[in-house]
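Presented sequentially are two complexes of subunit A, the first with subunit B as partner and the second with subunit C.
The block that comes next holds the complex of A and B.
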């Protein structure tokens, strides 16, 4: 088992598994900062995965696929905005409803387009290309994991940097934080909270879209029903534990990615019932959230 | 006299029919400090919200420097040079002072924030107006008086000519109030025009040049502060003479109704309540005085069973710890909570529902409510306490003073043996204050023990029989000779400058 953990492919796979979770964490972070919880990130990723897979297949271009995936993510978030900001429904309940809606609409689309199939393996996606930095990727252990990855990995790094700059160094960042921490203060200086939250949800949708696209256009190569399988929720949990700090949230998401990979990759290496291994990511989410909540409580005294 | 602003015949009728302003007029001269005085519900806040663009008038015109203007939003008001310091601060605790000061008007270089420029300008404003604020400090870590300064800086950063302050001294000690007044005078001398909304007579006399008095939505008079007495002012405000002094005979304390022994309440950093012991007797009004956040609220909350403590707190002979609020209330404790909006009342419910929420008395049969009897009881209570409203009126439609009267009616109608009154008259008009004070004194004379938590100096000194001053979680002074104590002396204890030795 130790050989497996220390192998070059282990770190690479951990990162590969963590990418969609990190995207989800980023999406959750930006919406939470603006004071609206978007638990339909899970569903938005799923819809984005369908849109990306099918559109890249039919257009023959991964760029078109990626664009449609992001658009689908944004559309799902706009449904949340419609329910929670305009119709003033509870954002949590709306999010749950939208997740259910997402799993239904995904199946409907795939079945409709591909004659009753529940996955799109007969219509494979055009994959987002891999990027390989010469020389650097030959560095032992970390070289391959960091310098020979899918393009979406580098987009993810850019997204993290974008978040840090956005929140700390821009006017929009201040507006987003104000909308989250003290919405009345925002209104009192003439900045519409609704407008700020819509913008935050658009960014959130783009990020969830990228996460979904990674699953069907870089990781697996086609859409399959239920393929998001809790990664959106794991991202939300990672963000909660990172307490709103982008880099910390990213690191927690990486940890979740490691456990997620452990559960899948471990099945071939470990002699352990795979049903139990499969519960590992969810168990991990639960345990870390409990630890996080306890630590928070102690801090508050 | 150089008139900069004129509001003519302003009428504001809300959709639900409530008339907040009726034909009200208001005018401002350049470089004056002008008070808008009146009871709660007199319409002074609404009039100022209209001026600041937060509300739209149903009728009337506003002229700024002789030109008619339409102030459709706070943004427009800001552009016209009008700024407002709200009573409830609009600060983002998590952001540093300089970002709060420039909230909404952030300086930028390209797409990024120009932090250095904002820090520098905040610093310069602080120096110019003698405000000891650190531009880099997170707002949440500042004490209330400094948070207020940040609000003023916010308005100044927007280059406001006319600055409206909504009850700015409600949260300040006498010393802090004086400091604020000094800064406001600097601002006036610098050419700013200042409006303060207040119902504190002394402050109007001390600070202001002119006073506009409002009553029931109308302006009933504009006077020069130097030309009127406090008594005349309060008559203008209320419409009939109200005693500013509380009429009461000396107390006759009886047996102990509540006592606290070495009570400790932990907090982050330091103890919220640090080894506090005292007792309350029947027939006395004991005041727990102190600047907000110095433990007096916690002491009251221990007695009402709201927070956990170490040590011993006994209410009417029973240890509070481990008992539900209900059990303690059933012993004969009544509680007027500090915040009538969230704890004192159910804002979604009617007056009747609020009144019966704590106790049905014997008005149930087989577990069902006897609604007719309960309704009669509510109507009686509303009448007894002079609440302006029907039993079915939603409580959210009442003014602050009337809302508080509902809370007081409910709590005092239970014939309590101990009353915990936490800021019972905060933000309540002169008429209602006198009424609430009178009720408390009459219950005291019937042998009820009363614990009063208050930050209002004149209330503390006029109502209490005995005062315990809290500072940083400890009792620093016990004042038994209340009549001969000055506000200044009390303020020095509250700020921890002076300290009475135990037993003296």
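The block that comes next holds the complex of A and C.
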């Protein structure tokens, strides 16, 4: 088992499993910073996965697919904005509703376009390309995992860096944080909270879209119903534990990815019932949440 | 008196009219997208569920699980808790019933009743986990309860593949004899008496919420936890209690549903009734008395969607789109009683 955990392929797979969760965590982070919870990241990823898979297939270009995936993610978040900011419905409940909406609309679209199928394997996506840095990728163990990856891995790193810079060094970042921490203060200096939240949700949608695109255009070559399977929620949990720090949230998401892959990959390596292995990511989330909250509570006294 | 009856009634009439309008618009859209015959689809959707007694019985059957989860969710939401464990508890309760009833043996009425109570108790205990995490540690109940759902699901899958297996049915619990199940109300349409239990639970929950001091404290906690604390109500206690009660009602519902409508437990995925509970409670305005009506209404829409899918052009999933829009519109027009403060992702 130790051989397996320390192998190069283990690291590669952990990263592959973590990428969508990290995108989801980033999406959750930016919306929470602006003071609006986007529970529908899960659903937005699913719709983006459909849009990316189908549009890349029919256009023959992964760039078009990726663009449509991001647009789909943004559209789903704009529905949340419409419900929560304009119709003033509870953002949480709207999020639950939009997840239901997403699972319905994804199947409607796939069934409509592909004559009743629930996956798009007959219309394979055009994959997002791999990027390989010469020389560096030959470094043992970590070389391949860091320097020979899917393009979306590097986009993910860029997204993390973007978040850190956005939140710490820009005016918009300050506005977003103010909209979350103290909306009245924001309004009092003439910055519309609604406008700031919409901008945050657009960014959130782009990130959720990238996460969805990774699932159907890089990890797997097609969309299949239920392929997001809780990764959006795991991202939300990772963000909760990262407590608003992008890098910390990213690391927790990486940990979730690791446990997630351990549960899947372990089924062939370990002689342990796979059903119980499958509980691991969720069990770990629960336990980490408890440990984290206990530590927080003690700090506060 | 006027305020107590006339306004809620008017309220629900407006809501239902709105929901019907949403359904009609979505179906028209689906017809245009998927090239269905609008006239045929509308007739199948709105009239199909009422065409004969079997279709009507199907509406009632669909409504039973929705009543249970709708009430469970409405009690939690009244207390300001957005707990998703209703989903896992319903599933767990059904599984437990499938295992326990054959173990208890063939004792008419006693076996099903004991099984249902056991399902309620077991899921109440599990529901204590996210509830206590919220009230003592401030851990967001949405994330923790969702994780618990997945855990319950996979543990049940493990048990059903390993321990609880019937040799002839590898992935199912043993066969339920008629005496282990709840009696049927009508032999012909196979309508089960779990409907009666569901209605009784609805009435009891309504009485609890509106007529007891605990129900009052629960509602105060949901409206304003600080006010509850200032007035000597321990809000933490009600935050915990509402979630435990919700989970145990969902567990009870799962057990009653299985013992009424199935001969063995062989579900291989979460049935989604917990999430449906949120639809029901938003239609019912978080009022347990209105939950059965809301459940019947959603049952009607679902049977309608099934009838439409039989025509061949529009898949059954169209119902998800209709449900989602209904929740958002109802949330927008009539404010939810309990409103959550702050972001859900911030644990």
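Rule of thumb we're sticking to: the second predicted complex is superposed on the first by the 301 of 301 C-alpha atoms of A that agree within 3 Å, B and C clash if a C-alpha of one lies under 4 Å from a C-alpha of the other, contacts with A are read in each partner's own complex, and residues count from 1 in each chain.
Simple rule for what comes next: contacts are C-beta pairs under 8 Å (C-beta built on N, C-alpha and C of every residue); 3 or more make two chains touch, one makes a residue touch a chain.
Since the structure is predicted, the reported quantities are computational estimates derived from the model, not experimental observations.
Applying the stated contact rule after C-alpha superposition, one finds that A:83 touches subunit C and leaves subunit B untouched. Shared-chain residue A:94: touches subunit C; no touch with subunit B. A simple residue count on subunit A separates subunit B from subunit C, and the partner touching more is C.
By the touch criterion stated above, A:275 is placed in contact with subunit C alone, subunit B being left untouched.
By the touch criterion defined above, A:182 reaches subunit B but does not reach subunit C. In the overlay built on the shared chain, the residue A:169 is in contact with subunit B alone; subunit C does not reach it. Of the two partner chains, subunit B is the only one that A:191 touches; subunit C does not reach it. Contacts of A:236 after superposition: subunit C is touched, whereas subunit B is not reached. Put simply, subunit A touches subunit C in their complex at residues 28, 31-32, 35-39, 83, 87-101, 103-105, 107-108, 111-112, 116, 180, 230, 233, 236-237, 239-241, 244, 273, 275-276, 278-279, 281-283, 285-286, 289-290, 292-294, 296-297. Those residues of subunit A lying in contact with subunit B across their complex are 165, 169-171, 173-174, 177-178, 181-182, 184-186, 188-191, 300-301. On the side of subunit B, the complex with subunit A involves touching residues 73-75, 78, 86, 88, 90-95, 99, 103-106, 108, 111-113, 115, 154, 266-268.
Of all residues in subunit C, those touching subunit A in their complex are 30, 33-34, 82, 129, 133, 137-140, 142-144, 146-148, 150-151, 154-155, 157-158, 161-162, 275, 278-279, 282, 315, 317-321, 323-325, 327-329, 331-332, 336, 339-340, 342-347.
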